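Below: one structure, written as structure tokens.
In this document, chain identifiers A, B, C, D and E correspond to the written order of the chains, with residue numbering beginning at 1 in each.
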């Protein structure tokens, strides 16, 4: 139950090299679940480990509940952490695993047992308390790791890709459980993942990292609707936003031989640039009849159709410009197949525009 | 084809499959045979002969003394108080050295399992005793280190008024064990170091976050993790140390009396100084039986250790 | 002097404007340094006898026998000349021969055996393994008498091949065990992939498996070399003039008419040198091998 | 082809004679001179296996007894020769000697020659012979004002040792062997037992090791070495004592006469030239020196007996003594084998301090009647039965333990008596 | 270029135990991509390995191109397989890896080189031909494994979870690539995955396995629209279909105190059953105003909101019956938060109904 503040915090593994985490500024409000997301090597784990006290903080500071923890060892920071491979103690039973942090804090045996049983009940682990981790499935181990974190009732939860060792089905289930649990316990949580779906579904706020630098820190809808740069735009959303590098025309841009008008404020923001990067989410294409007039729709040829039941994704390349590929969301049931022609039109209201060079959002 | 399908499954099994299986089985087993046969010939036939000789009275230096005496030799072995003394020495020497070496090895492994300047060099220095030819090592201990007048140990201890100690005659067993420990500690250190380095770091980090201090981490996590390696070290060390011959031979010749003699040396003496083939064979058989009993336990341990490992892998 | 990964204060990124806190230090630095010093002290203590042996080998006998050990002296090679002129040559040759040939034989026998044992369908795998390792448990000394008698009967006393065979038998069980654990580390899919790709068993072994476990083979070989080179019991009892190995030479070197420490040190140094160097060079592999592949 | 492929790199084509010897300075000299022999006999190559005494004995006995055939020449002593001759393990050398012109059999010292004979025929030829005597530091005795009697007794020696002992860590009074092994500790101790009137067996083969005489003798020996003897006594044998005495760390040393060559060698000894010699101390017998000879024999299994003999003859004839004297030095000649050596003026010049004493010791030694009372065995410092190697060694281990202070003398003798009794029983029937 | 037929094929690992694959009947048409999907332990890998010749076929038969391959060793079946961890030969370079199966078939060096280069080009591996697998990223290794499979030009491709070692982003990319490649090469392919999204997006037809038994074998839309039983219904679709065990009422079923009418044909099929299992996909709920009349809408309380940008999922429990949880798909941007009340109504056209006991689809 504490506010966590990263204040220009940096970590430099190899002196002289690029920092793994570069002057990170981030505030996690009390009780909030913040997700750190970013591609591999972007410094997510490092940031988390700095907070946990597992990595030194080479510059700046980190504060938990107002206290600078730079020189505070892990064990005194009152945090709990869930690791990617759960880091369960293989020689201990589930109950012993969960009781370990309490034992280390000198809690008496009875109280330990009580708390462990309570957490086990909450997580449906009561029947497994005497098992060794080896004898449990991935999902069960994950829950034990969660249990070990929650018995502590710490100030902050830290989780480093806690779901990545689970299968897809399990992951979807568990992420809802974790989110719900965190809601209930209202413990400030920093959650690391490289999966943007997880980030979007779980985070109260999401911090997108790339190359050790914070790209954007916002709520999921904001991230989705107004990505601050092309990186975030491409990273958030699945399938990814179509990012097309297009030449300007008088009223907008030219795409596949078709004139796409841009809304006024975007046009203004784009200024005198020759080319701009236009981002169109798969769901922001409108599928038109293939008979439509050539000037008003963009013709494309389907490469792959992915039918998910509730919707479908068409991977296609433009008829005019075969090197440009686009992804279009279609309805649950589409008739088109590999090689079929389609005609699409972007929804002009939902366009994102970025600078070609810097990738910064334009309007 | 459908008829095949109607047939109950075991039928098909009984038909073609086992034949293929047998041929396949032999094909896969064949590479094993040379090693197996070789081992049987080299290790088992001599043991059978040992049993045969143990039932005879046969002294090499008295021609014509060979005759069947059945279990007389065994009776003599069991009434030989020296034999009991030597058996006890063997246990003390083997287990004592192994356990001390493991304990020291653990301490050294912990010391080396951290970053410090010149770690590689220190490790290289530390493993050297293991690589030294045991005969040379024993000579080294007997002369350069433990000699009462010229030895380094007494020289180093002389400021403390302990000079002139005749280590080898006053503490013969301890002296031999010291040499053995010196040689085997590096082995244990290497093994345990490997064990330490195989401990997943995230477990250690989790423990730190969970509020454990270094000692708790060691006792609660590292030690259980190392158990398998400690067992392996004890078993391997015992296998090799129970057969110690060179060190005893070179350092003390088992003396004074039989104070530092172990079974291998004692049997060797009976065989190659006493030339009493029957007696020494009988002792050999007794030793084999005792070792087998001990080994069964040790092997259980080893097997558990290794099957556990396969499970984990 | 301990090297830590912390960044010196001056290397911090300069743009830590406001908070610009105190220099960062690593906790327990002093303790680290002290433990490092202790490690050094212990390492030197363990190594010192060896160092002293080497040092002594460069002394004259007179320098070697001083109640106050001499560190400063005029080094001489006369002891080594003495050792070589007293005929260590054939013994070295025998040791090298027995070690190399027996190690090669061990590998030749152990690789197929371990491969077979690491594959699924050999029935009674664990019985066979049990057998192999149990032969290691039996004290050699119990078999020395019949071995002596048999070897004598077939006229193979003092023959290097006798030692080679015995050393092979001595090292084979451990080698099979070690190699099997290395083989087990080879992912099963690789073998399956190879069989789908149409490679016969021996080709799979040669082209796919052996390259993967070559560090393991190396470690195994090294351990066989160490034990064969240092073996004394068989050598002293079964050889005389022709087939004596270096440890036997060392024993013969202790003359009954006077212990010459310096010369002895030179001989001991020569005896230990090959294995020590091999061990130093390959210490990482050695660790892997000694732990039976339990460590990746 | 396994035959002859015993070693890697064996030279083929010439006859290789393998010689098993006990490594001692005289043998090292022989090895260093042996290229001359090879030069004179191009068809013969020599290969030496030199081992320390205990190892050599074990190895040679095992090889000869089992017909192992690794050796063409073995170095054995007057302990083994008659027994092995009786067993037919070694070759009768009389025909060879007879065939060899100038090989003067009669020149061998008679007691030595007899001890190497079985039924009057020599089965091994002596390389050197030795008795035992007492070496002492003349300079120290002078300083201390002690006069060494012409025939000292053991109590006198004990008193001298006490007076010359400077205490722990410094120069001690005497060096006496304490290292187990019948050829080590047992040799001097046996002479002490004998001269105290003790014996191993009575004529009925009853073991006598707990008799009062033996007790007294052993107690005396152990006490002497424990109170005034060298450090590390239970581990020191001939070599260790040679070092101690040669480095001036003890004032007296009772041991083999062959030690003289070593301690008088200024290269190895810091006390050369300051040494006095006295006959073996006595108590109840008129003399107590032992009789021992390292000799060369040919195992029956050797297929190269002629070549072997050629080398043995070369090594034990008079010319060899000359050769060593001229090429290596007269202090180094193998003593105690030939009477002519003692008549050689050059040898006399360097060895007059001790040579007469050696000759006298050898001539007075009496293997048939070593002690006061009658015994059923032969030998001064050993009992010439096959089991003695083992028995002597086991007993020596006990005494060595007593010297180390691990057990008491009585306990040691009790245990020894058991061993001896078991062995004795097999001779009673 | 071959038809693959499983004909009552079974595999029993432990005699006497339940078969890992139980009388499987499955036909893969020439050039078709069939996905085997199912939860862990359902026998997918075993079935694939039976086809590959890595497991014996204990009963029934397997035919490739009409030939019974029961007694044919792997290497003579003319198949290529891609393993989950790629099973690249670590000691060989990429080129050698890809050439190995050709070499084993005795193809001459030149031809091998040609084919390898061609495949490498197709997969964008030309620059890596001399690298060892160790020096490559997960995605690159995956492509090498694909390359090794395609150089062979085999009759059948087998792939066992070939994407599961890739990260989420990579997986989405690569699955489209594989589908496209297979389309182009038109080699019959059996593809194993436990991820239903992969199954739906990649398969021409999908075989759902559970407990060694084939549950349904159909095209993805059919699977989604007409699952034959509750297992398939729950397995296909993410988040999973809401499966509610409800009491019958006169015109339909009662859910959360509300009468939900059932279409006539379903009602008929349900017959006289007291209770039926009703399946409602998350997108088949209609969000109503919370002010609506209590009798006509189902009231629920939100536990977790997952906002994916393009849509959102509301995890809620019924107000009337707190132990029943439902998942509802909402629009990209919803206002509701944890604890908010919502009102929903199922789309009666899109209901799936199953027998409570057998799980069989009813109409």
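In the analysis below, contacts are C-beta pairs under 8 Å (C-beta built on N, C-alpha and C of every residue); 3 or more make two chains touch, one makes a residue touch a chain.
Molecules present, by chain and UniProt name: A, E = Carbohydrate ABC transporter ATP-binding protein (CUT1 family); B = Carbohydrate ABC transporter membrane protein 1 (CUT1 family); C = Carbohydrate ABC transporter membrane protein 2 (CUT1 family).
Since this is a predicted model, take the numbers as computed values, not measurements.
**Student:** Spell out the chains that contact subunit B while also contacting subunit D.
**Tutor:** C
**Student:** Taking each chain's centre as the mean of its Cα atoms, which chain lies farthest from subunit E?
**Tutor:** Chain centre farthest from subunit E's centre: D.
**Student:** Skim through the chains and flag the pair connected by the most C-beta pairs in contact.
**Tutor:** After counting contacts between each pair of chains, the winner is B-C.
**Student:** Taking each chain's centre as the mean of its CA atoms, which one is most distant from subunit A?
**Tutor:** Computed centres place D farthest from subunit A.
**Student:** Centroid from C-alpha atoms only, then distance subunit A to subunit E, rounded to Å. What do you get?
**Tutor:** Roughly 24 Å, centre to centre.
**Student:** So, what's the distance in Å between the C-alpha centres of subunit B and subunit A?
**Tutor:** Averaging C-alpha atoms per chain gives centres 55 Å apart.
**Student:** Suppose each chain is reduced to the average of its Cα coordinates; what separation in Å results between subunit D and subunit E?
**Tutor:** One centre to the other, that is 92 Å.
**Student:** Taking each chain's centre as the mean of its CA atoms, how far is subunit A from subunit C in angstrom?
**Tutor:** Distance between chain centres: 51 Å.
**Student:** Residue numbers in subunit E touching 2 or more other chains?
**Tutor:** There are none in subunit E.
**Student:** Among the residues of subunit C, which are close enough to touch at least two other chains?
**Tutor:** Subunit C, residues with two or more chain partners: 65, 148-149, 236-237, 251, 254, 259.
**Student:** In subunit D, what residues contact two or more other chains?
**Tutor:** Where subunit D meets two or more other chains at a single residue, that happens at 62, 66.
**Student:** If you look only at subunit E, which of its residues touch subunit C in the complex?
**Tutor:** 49, 52-54, 73-76, 79-81, 83-85, 87, 89-92, 100-101, 104-105, 148
**Student:** With touch defined as at the start, can you tell me which subunit B residues reach subunit C in the complex?
**Tutor:** Subunit B residues touching subunit C: 21, 24-25, 27-32, 34-36, 38-39, 42-47, 49-50, 52-53, 108, 111-112, 114-119, 121-136, 139-141, 143-145, 149-150, 152, 155, 182, 185-187, 190-191, 193-195, 197-198, 228-229, 232, 239, 242-243, 245-246, 249-250, 263-264, 267-268, 271-272, 277, 280-281, 283-285, 287-288, 291-292, 295, 298-299, 302-303, 306, 309-310, 313.
**Student:** Okay, in this complex, where on subunit C does subunit B touch?
**Tutor:** The contact residues of subunit C facing subunit B are 1-4, 32-33, 35-36, 38-40, 42-44, 46-50, 52-53, 56, 65-69, 109-110, 112-113, 115-117, 119, 121-123, 126, 128, 130-150, 165-166, 168-169, 172-173, 176, 181, 184-185, 201, 226, 229-230, 232-233, 236-237, 246-247, 250-251, 254, 259, 261, 264-265, 267-269, 271-272, 275-276, 278-280, 283, 286-288, 290-292, 294-296.
**Student:** Enumerate the contact residues on subunit B facing subunit A in the complex.
**Tutor:** Per the stated touch rule, the residues are 200, 202-203, 205-213, 216, 220-221, 224-225, 227, 311-312.
**Student:** Which stretch or stretches of subunit D touch subunit B in the complex?
**Tutor:** 54, 58, 61-62, 65-66, 83, 87, 168-169, 178-181, 231-235, 249, 386-387, 389-390, 393, 397-398, 400-407, 412, 415
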